[in-house]
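What follows is a pair of complexes built around chain A, which joins chain B in one and chain C in the other.
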Partner chain A sequence: MAMVKVPIDVHRGSPGASGHFDHFVLDLDEHTPVLTALLKIRDEIDPTLTLRYSCRQAICGSCAMRVNGKSRLACVTQVGPELAKRGKIVLEPMGNQPLLRDLVVDQQPFWERYHRIEPYLLPDPAHPMPVGKENPMSPEQVSQFQETPRCIACASCFSACPALDSDPNFLGPMALAKLYRFVVDPRDGGFHRRLEMVQNQSLWLCLRCNLCVEACPKDVRPAERIVDLKWMANQELGKLEPGSKHSIGFAENIQEGGLLNERKLAMDSLGLVGALGQLPKAIAMMRHGRSIKKHPPIQGKEDLDVIYRELAGREDLQHRAFTREGGVRGKSPPSTSAVPTATAATSSAPESPPANRPVSKGPTEGGKA
Partner chain B sequence: MQRHDVLVVGAGLAGQRAALEAVRAGLDVGMLSKLHPLRSHSAAAQGGINASLGPQDSVKDHVFDTVKGSDYLADQDAVEILCREAGPIVIEMEHFGTIFNRAADGSLDRRAFGGASYNRTIFSADRTGLALLQGLYEELSREKRLKVYEEWSALDLVVRGGRVQGVVALDRKSGNIDGFAARAVVIATGPFGRTYPNTTNSHASTGDGTALAYRAGAFLKDMEMVQFHPTCLPGSWILITEGARGEGGILRNGKGERFMSRYAPNKLELASRDVVSRAIATEVQEGRGFPDGTCRLELMHLGREKVETKLQEIVEFSRNFAGIDPVVEGIPVYPGQHYMMGGVSTNPRAETNISGLFAAGEAACVSVHGANRLGANSLLETLVYGKIAGTNAASSASKAPASDLSQADVDRAVQRVHAIWDRKQGEPPAVIRNDMQKAMREDVGIYRTPQQLEAARAKLVELQKRYLNVYVQDKSTTYNVNLTDALELGYLLDLAQAIVAAAILRTESRGAHVRLDFPKRDDANWLKHILVQSSPKGPALSFLPVTVTSYQPMERHY
Partner chain C sequence: MKVAYYPGCVAQESGKELDMAVRAVAPRLGIELAEFPNFSCCGSGFIDESNYALNTAINARNLAIAEKAGLGVVMTVCSTCQGMLKLAKWNLAHNSVLRARSDKVLSQIGMHYQGSAEPKHMLQILVEDLGGAKKLSTLVKRPLKGLKVGAFYGCHILRPHDKMGFEDPEDPHSFEDVIRALGAEPVDYRGRVMCCGFPIQFVKPKTGQLLAGKQVLDAKRHGAHAMATPCPLCHISLDTYQKEAGKQVGEELNMPVFHFPQLIGLALGIAPDALGLSRHLVDTRSALEKLGAVGVPA
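Let's look at the complex of A and B:
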């Protein structure tokens, strides 16, 4: 129990009115959650400060905000470490959602995307729900959901995501992680339709910056679920879409000579006509001294070959090893946690086919009939 | 002015289940909640939901365990419905998409829980409430006809001619006050644990709907029955699920003794909650606690893998809120307020004494929990009785005349709110709230004496007077939490008075209600519910017999 002086700058004001920061200094134990500090300000100093909060135990998802620039749940972010980072604590409303007042934003853009993915089980005519009993589902199948059931819809990932700015079609990390939860659900009949929807809409707009993984207080790891979806979409639908062609072309491109051949990459991703459309961009690039010519192979190309061979041989990484012919090669279902959690550890099912449909339908069919 | 056949107030599990049923009956349904539905307090339920689906288990055993757990105050006809519908409603939730833990054979996995004869608690790790809330909200999202009013606080329940006419509510985002005319209304606003400071309940658990129904003339029932959960993290009062003990967690006092053997030699840590809470409080009071005034919940012997997979949230809570790693050390625990057995009195059809008014979930009291609720029966109650409330509200609404809710009703609420809002000075709600919570914690706790209860009663009367001068400093119309805090404090004060009035009247010890001056259960005089109705002179008390069908009261042993 170490009491410290905690300077806190809190964003105040509404849109239109000039936003500003109010400065407070509190004496707090270093383990005090930011939410507790804010409620202390409300109770003892300024009751006009407004914020969303309810459960104070990271399960209702109400109190997400930016703490020293990072999207965080106020109830599980302790003041001590934040103070150590910046010497004070700066609290701002979440990003990507319009401000209402102080620390409260209008979450409509977030919920609108949630509802856009058809967030409910789609009927599977081939496998109606069993009458009067549950659908059987093995513990391994449950582990396919990865960490997605932990999502509390706090929108921290949504707030942190830089790709949401670029395209209104982009579903954002939470909705895509939610979509993943349905795609891998053996009870859901929308496998193809769901993948098709995101393949054309927004899957490839993810920048893979991993800010959503860093922001998520429940370790849902949305970016990894998006990678899983890309892998499944490529396999299920083929590489019909520039994004998927681009990702595969990229991998092959590097494999060839160790350096990016941008001319070939543009052709791979967009086709001849599409690539011609990129000509002005190519000319501009050349004018700025960037070569789009084919590079000679790099030195030590053999080492690169070893890396590619190694990747192709790794069961747990196979869904990342793309080839032109076979779409996605690989046997194991997505299990991409960089830090394996206990849930992920139980999910290794090396003999099960890719994607999750055949796994779930196969052994349990009798039970479903 | 909005108009619906059925209006559901509250959008947790009970409210959503009611709304789903009413909308699927083909009616025009509105659902209004001060939180987004997915932020409801139902999400905080951890351990599981009971259904007698195991091979040896039966509905009859579930009924008996529940009745015994209730210390025979539960209405047995209502408990029979609860337990009979448990299997179907859990399976229905599975069909809706809820992600449950599974046994090796693919069936729903079951864990042990307090007061249960068999492993009958279906679960989703230690976030079963969240899993059910997600599954139900997903199912409800199909219903495009349902109109959801998110972040609206109910201000008034309008009753005229003995029949409910609708609700007046405040849009938290804009400050607008509007009327919601309805032929039937379902109250499902959850608990009112914020009457206490040492509560596991969310900040939003302020009993809005229960208090509005009470003010409108509805009876409250079993209000003296306040459940203290044995294992909470002192300070933050965050719950450590009973599932932790169900998975094999044990309790030790400061001397290292597994003390539950003295209180419940057979069931030990898995005795009913009232028994375990009293045991911990007694150990600490008699000097056998740890120096910090707690006991320890030990999970270390279960092994890292079991703790980290089946009790993930608990590991997180302990690390985040107590700086404790339960994989290697004991968790300091002490009982905290957790559940209100009491609420708006309903019959097993979820009907109240006001026609067209229904209630379900923790806001209501059927009563299936009597004097002490068994763990994992509350999630069950929200769904079973939420569904019943939805069915019967729909049928009531289709026979009812059109609501006569008028602009005058809205104007009255506007005036009442503005009388508070426009005040130029007075006492901040936080000060009155802190005094109320202090009185409830100190004088209306696990052990009760007439002196303490009288002191609490007097204090609450004083606070009610001070509340007439409550001051809202924030004058903004946008998301004014200062204003809603003040309104919610009014609800809590009403309900705290009802709790204390019933606790003074019940001169026996039963379940969660323990009177040091009357330490024994007294079936001859007290096998009955206390009803509380609002009157100008304060809470008016009356009685209702307990419905006994199969199980005559016996002494409880665990």
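Let's look at the complex of A and C:
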């Protein structure tokens, strides 16, 4: 136990008024949670301080805010490390949601997106839900959810997301991670509909900056699940619009010579008209001595050809470890059972090994690094 | 320190000035570059979106090339290359199915991935293996006094931190330490760990440019005379598309953006021309003039 002097700047203000920071200095143990410090301020110094909290143990997800710029749950963020890093603690309301007062935001934009993804099982005519009994899943099927069921809807990821901050069409990390959870649910009938919905809306706006992965207090890893969704959209729907054209086109681009042909990439992703729009840029670059020529093929290109020949094209789901019944396309289920029981699911995908999980995780080999 | 130099695609073509700067500063920093014309692209965070196994195998091949030459470090000079090579290495270590796929196809081309080579960005090598800021400051011939620089990290060198294994993913300091060692003053701004918008430059250009504009504006508002980045893809967003980025944020930005080794090169006394500064779309002279001692490129 080490008591330290903790300088804390707390955002104060309401919509319409320009916000400001109130400065407090508290004597605290270095392990004190930020939330405890805030409650001390409210209870002992300024009863008008407005904040949202409930459980104080990272279950309810109510106390998310920005702590020294990082989106965090105040209840599990200790003052010591923040103080060591920054010399003080600056507390601000979450990002990407309008301010209500002090540290409290209106979460409507967050919940609105959550509802947009239809966060419930959609009926599947080919697999009617059993009446009067449960619809069990095998442990393997449950494992495909990855960490997504852990989400406590605290909106830390939503707060941290720079894509949301720049494009209101983006669904955001939480809604997409939740969407992934329904897309891989073998009981759900909305597989294609869900993929098409995000393909058209906003899947490709994810930047893979991974700020959501760092912000999430439950290690849901939204950005990694969004890559999975992109992968599924590419597998299932192909080159539909610039996002999928770009990532599928990129793989084809590298196949040609081993290194990126930048000029071709612009053409493939943006189309002829879009690429023509890049012409002034190309001319400006040439004026500065920069050309975008095609690289000569790399040495050992024939080796790369072998890798492409063996692995390119539609990806075998084995190593993706993503098994809906009979694979991602959803082949007909075993006719004897409308319910994907553990046995039925396993026997209908005999090519899938038990270790089949998305590549971004390898729990059988030790899980997280 | 001998490393397998992995320049990546952009530094070999549209961003050649980065490669020029790396070659100019490496020997002075004590880095010996071994070159491998058989390295391929890293996948850039796009190939794995359509094929995980392919993406992993091409990077297993890249790493195996360095391993075969007996080299323990693959030096990247691009945050994205670094992220992708490191992610592939993580997958090869943690996903037995992917590993088996990759091993099989590599054996068909007479190669073998052992996992002995470590992908490391040049910035990481500088701070972890070459004595860090302290050693670097002893090499400085022309301190960048008076220059306020906004470091811009590039996401993939930092995040996800449990797979990248470098430093604090949301509040790093290695680049600022380097900037200080060069005699310049780092600018503290939130945008330094944000996204430059590059991944969607060809998907939703205006949103990509808006993101770039916001980060440049953030650096500018915090007093930066220039920015510097260890990622040539960020450089494309921040420099090459800065004019468009400025339009998105409604302000002319005029922010010189250096590649990280260019900034080092300037402090080590290398002529600006040798660092390819004239290839930038945003004129770097405003920053060079701040340094006084530095000649203005033609």
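Keep this in mind: the second predicted complex is superposed on the first by the 269 of 369 C-alpha atoms of A that agree within 3 Å, B and C clash if a C-alpha of one lies under 4 Å from a C-alpha of the other, contacts with A are read in each partner's own complex, and residues count from 1 in each chain.
To be clear about the criterion, contacts are C-beta pairs under 8 Å (C-beta built on N, C-alpha and C of every residue); 3 or more make two chains touch, one makes a residue touch a chain.
Owing to the predicted nature of the structure, the values given are computational and were not obtained by experimental measurement.
**Student:** Can you tell me whether chain B or chain C touches more residues on chain A?
**Tutor:** It is C that touches the greater number of chain A residues.
**Student:** After lining up the shared chain so the two structures overlap, which partner does A:T48 touch, if you call chain B first and chain C second: first, second, both or neither?
**Tutor:** In the superposed model, A:T48 contacts chain B only, not chain C.
**Student:** Let me test your reading of the model: by the given contact rule, A:P98 touches which partner, first (chain B), second (chain C), both or neither?
**Tutor:** So A:P98 meets neither chain B nor chain C here.
**Student:** Report for A:P81: first if it touches chain B alone, second if chain C alone, otherwise both or neither.
**Tutor:** Touch partners of A:P81: none, neither chain B nor chain C.
**Student:** Quick one: is A:S138 in contact with chain B, with chain C, with both, or with neither? Answer first, second, both or neither.
**Tutor:** In the superposition, A:S138 touches chain B alone.
**Student:** Which partner does A:P128 reach: the first (chain B), the second (chain C), both, or neither?
**Tutor:** In the superposition, A:P128 touches no partner, neither chain B nor chain C.
**Student:** Tell me which partner A:G271 touches in the superposition: chain B (first), chain C (second), both or neither.
**Tutor:** Neither partner.
**Student:** Taking the contacts chain A makes with chain B in one complex and with chain C in the other, which residues are shared?
**Tutor:** Shared contact residues on chain A (touching chain B in one complex, chain C in the other): 364, 367.
**Student:** Considering only the defined contacts, which chain A positions touch chain C in the complex?
**Tutor:** For chain A paired with chain C, touching residues are 68-70, 85-86, 162-163, 165-167, 204-205, 207-211, 213-214, 221, 223-224, 227, 230-231, 234-235, 242-244, 246-248, 250-251, 254, 258-260, 262, 265-266, 269-270, 281, 284-285, 288-293, 295, 298-300, 303-304, 306-308, 310-313, 315-316, 318-321, 353, 355-357, 359-362, 364-369.
**Student:** Which residues, counting only chain C, touch chain A once they are in their complex?
**Tutor:** Contact set of chain C toward chain A: 9-10, 12-16, 37-41, 43-54, 56-58, 61, 90-91, 93-98, 101, 104-106, 108-109, 111, 155-156, 158-163, 165, 168-171, 190, 193-195, 197, 199-200, 202-204, 207, 210-211, 214, 240-241, 278-281.
**Student:** Note which residues of chain A are touching chain B in the complex, please.
**Tutor:** 14, 31, 33, 42-44, 47-48, 50-62, 76, 78, 100-102, 104, 106-107, 111, 115, 119-121, 129, 132-139, 141-142, 145, 149-150, 152-153, 181-182, 185, 187-188, 341-343, 346, 364, 367
**Student:** Under the definition above, what is the set of chain B residues touching chain A in their complex?
**Tutor:** For this pair, the touching residues of chain B are 35-36, 38-41, 43-44, 88, 90-91, 94-97, 99-108, 124-125, 127, 129-131, 134, 138-139, 141-142, 173, 202-204, 236, 238-239, 305, 308-309, 312-313, 316-317, 320-321, 323, 428-430, 434, 472-474, 476, 478-482, 485.
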